[in-house]
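Encoded as structure tokens, here's the structure I'll be asking about.
Note that the chains are named A, B, C, D, E and F in the order they appear, and that numbering of residues resets to 1 at the start of each chain.
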Amino acid sequence: MAETGAYERGKALSEQVNPGMEDALAARYDALVPGLSRMVVEVPYGTFYARGVVDEKTRLLATIAALAALGGQTKPQLKVNIASARAVGASREEVCEIIYQMTLYGGFPAMINAMNAAIEVFEGEDTA
Amino acid sequence: MAETGAYERGKALSEQVNPGMEDALAARYDALVPGLSRMVVEVPYGTFYARGVVDEKTRLLATIAALAALGGQTKPQLKVNIASARAVGASREEVCEIIYQMTLYGGFPAMINAMNAAIEVFEGEDTA
Amino acid sequence: MAETGAYERGKALSEQVNPGMEDALAARYDALVPGLSRMVVEVPYGTFYARGVVDEKTRLLATIAALAALGGQTKPQLKVNIASARAVGASREEVCEIIYQMTLYGGFPAMINAMNAAIEVFEGEDTA
Amino acid sequence: MAETGAYERGKALSEQVNPGMEDALAARYDALVPGLSRMVVEVPYGTFYARGVVDEKTRLLATIAALAALGGQTKPQLKVNIASARAVGASREEVCEIIYQMTLYGGFPAMINAMNAAIEVFEGEDTA
Amino acid sequence: MAETGAYERGKALSEQVNPGMEDALAARYDALVPGLSRMVVEVPYGTFYARGVVDEKTRLLATIAALAALGGQTKPQLKVNIASARAVGASREEVCEIIYQMTLYGGFPAMINAMNAAIEVFEGEDTA
Amino acid sequence: MAETGAYERGKALSEQVNPGMEDALAARYDALVPGLSRMVVEVPYGTFYARGVVDEKTRLLATIAALAALGGQTKPQLKVNIASARAVGASREEVCEIIYQMTLYGGFPAMINAMNAAIEVFEGEDTA
């Protein structure tokens, strides 16, 4: 019964890390795709992120690695996950080190672009 | 002078985790691309992997995430990095948890294929 | 409450198009990733495939297009979706026409490889 | 002799769905690549789009699926194909449903970005 | 009138570098996709490869670079283009040098896999 | 000892084609990733670009092919390499011919986007 309560778990987690997310998604997307906002709460937050097994910081650094290597269209999600990694205690140097390693797997363009996304997040921290 | 001694650092590290690698690469590739084997020692091992900042287990789990999300042709490298993650203390459940999260970024085909690569590594452990 | 009953809907649909799927996934993956088999029932089958809005044949042809264009590691999923499209009434010519158009978006290698996957499915039909 | 008359067929189709396209392409590209504009008329329009076998709406929804899953740089083409799908009778809900399914194959970033492209097209309809 | 005679040009070129190609494609694919074999003659061979502007060797080395960087499913096409590059005078070292540079853009997995494809082609030369 | 002197070779080459690069990278990135700027000098410039075997123009056209086919996030690097190819004697028509061929491997969106990047570089030449 792994997914029993997926919505509740996802709602609690999303409100903690991204308050107001479900309402914002609903306002933008649910008239076109009924249930989209609820799915984001239930699936990524309630079914995947809330599983445990690895600690939050490791999970977020791994996500940053994947989004950096995939590159291209992932910049918005990359910035969200970098901000989340920072919020659970990852240093700027740790975030950038993980991105730097992606030179080897995603190539130089992917690495430089992800590094620039990280710098945008850090600049936002400095002006907050 | 960050890269001074890159070959020495890379050689020490590659001999520890992948003994005989430089000679094997040299035998297969160096006649076609002079210096390829040395480059693998100097660049991924000596310049990237040996940097520190994040611990080995985190670095390897992040690499596994990226290779799983990229999918396709990365299976040989994915298996090498899964074996390395196991060697530095990652449990099977941790490796699979990281791969599982890649459903969200690389899609279901990428996740299932990477999970199958992990199972191949684990089966090799059981018969070793 | 879009996802209430996602498991039940997904179970009914998966048993119809892919009988025994949850048990097969559970046997292979659930010890490593508790809940993986249930997630596949709930998320792709219960939350996405069972939504309606477009008819099954259109949905499957669109999925075939995407998997063909993505190429590479998607061959197993491509074959499953081609078989499903055939089961809901798509002709061989329709399946191949959709793949053929992917020349324009995924390039010639992607198109030819997907065409070969379709031929494998059709050969299986002929020998069934 | 499948391609006899490819230019004529392609010209008729492109003038119908995208009037002035060949001239616009010629003005921008043909000095650098002689024949580029004619190739676009002959190949995608005359050789691929004009084939029949599947109806226009299905073909366009499949194309939208592929472009959404490929993501990244495909946004201009995605918007053109969404507008074309709308012009041949696809509802907003059908377009978005097809994009939504791509969560499973292209991941969440691909889906959200394609959904945003669709919304841009719909906003253009509302202000037309 | 850039494409007038595309079939004739493409036929002459394909018979020279890949004799029997159109018939082989027709036998395998044309019942499923009428005109596929002719399209391959007309479009890649007659419309793209036969254009001139760059010499054949440069064009083929550039194609090898792209297929190596794209990686994954492109291995059959990569091997065909490596053999063609060899046939127009590219040395083994030149082919491998181009592949080697792709480390920087496609990452190490892409480079190593393409290098292995090249070695397969060279081994075929040695046993021919 | 292929890489002995990689920094010196890379520094000489990067100062020639991209003067001030190391300092610019150092100012932006080295506080976050100590050694990044030196790595770019040593690895792409000193270890890969400076190898010879193929002439500079061929190497750059091959790189342009790969970046065009990969598409998406590679636009900044594509523009740099197009400018470098022009600087070593590639004509506009040669650059665009190579990009045009990528229609076959990266699809139409990749080709058109890369062509637009080339036009931006050429417009910069005209206003320089």
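Definition applied: a contact is a pair of C-beta atoms (placed from the backbone, for glycine too) under 8 Å apart; a residue touches a chain by one contact, two chains touch by 3 or more.
From a predicted model like this one, the values you see are computed outputs, not experimental measurements.
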Intersection of the contact lists for subunit C and subunit E: A, B, D, F
Same-interface partner of A-B, chosen from the options E-F, C-F or C-E, over half of the pairs matching: E-F
Chain at maximum distance from subunit A, centres defined as averaged CA atoms: E
Whole-Å gap between the CA centroids of subunit D and subunit E: 27
Mean-CA-position distance for subunit F and subunit D (Å): 31
Multi-partner residues of subunit F (at least 2 other chains): 43-44, 51, 67, 69-74, 77, 93, 97, 100, 104-109
Category of the chain touch graph - line, ring, star, complete, other: complete
Of all residues in subunit E, those that touch subunit C in their complex: 28-29, 32-33, 36, 40, 44, 67, 70-74, 76-77
Subunit A-facing residues of subunit E, complex: 69, 104-109
Partner subunit D, residues of subunit F touching it in the complex: 71-73, 92-93, 96-97, 100, 107-110, 112-113, 115, 118-119, 122
Residue ranges of subunit D touching subunit C (in the complex, touch as defined): 43-44, 48-49, 51, 53-54, 58-59, 61-70, 74, 77, 93-94, 97-98, 100-106
Touch list for subunit A against partner subunit C, complex: 1-3, 6-7, 34-35, 38-39, 42-43, 47, 51
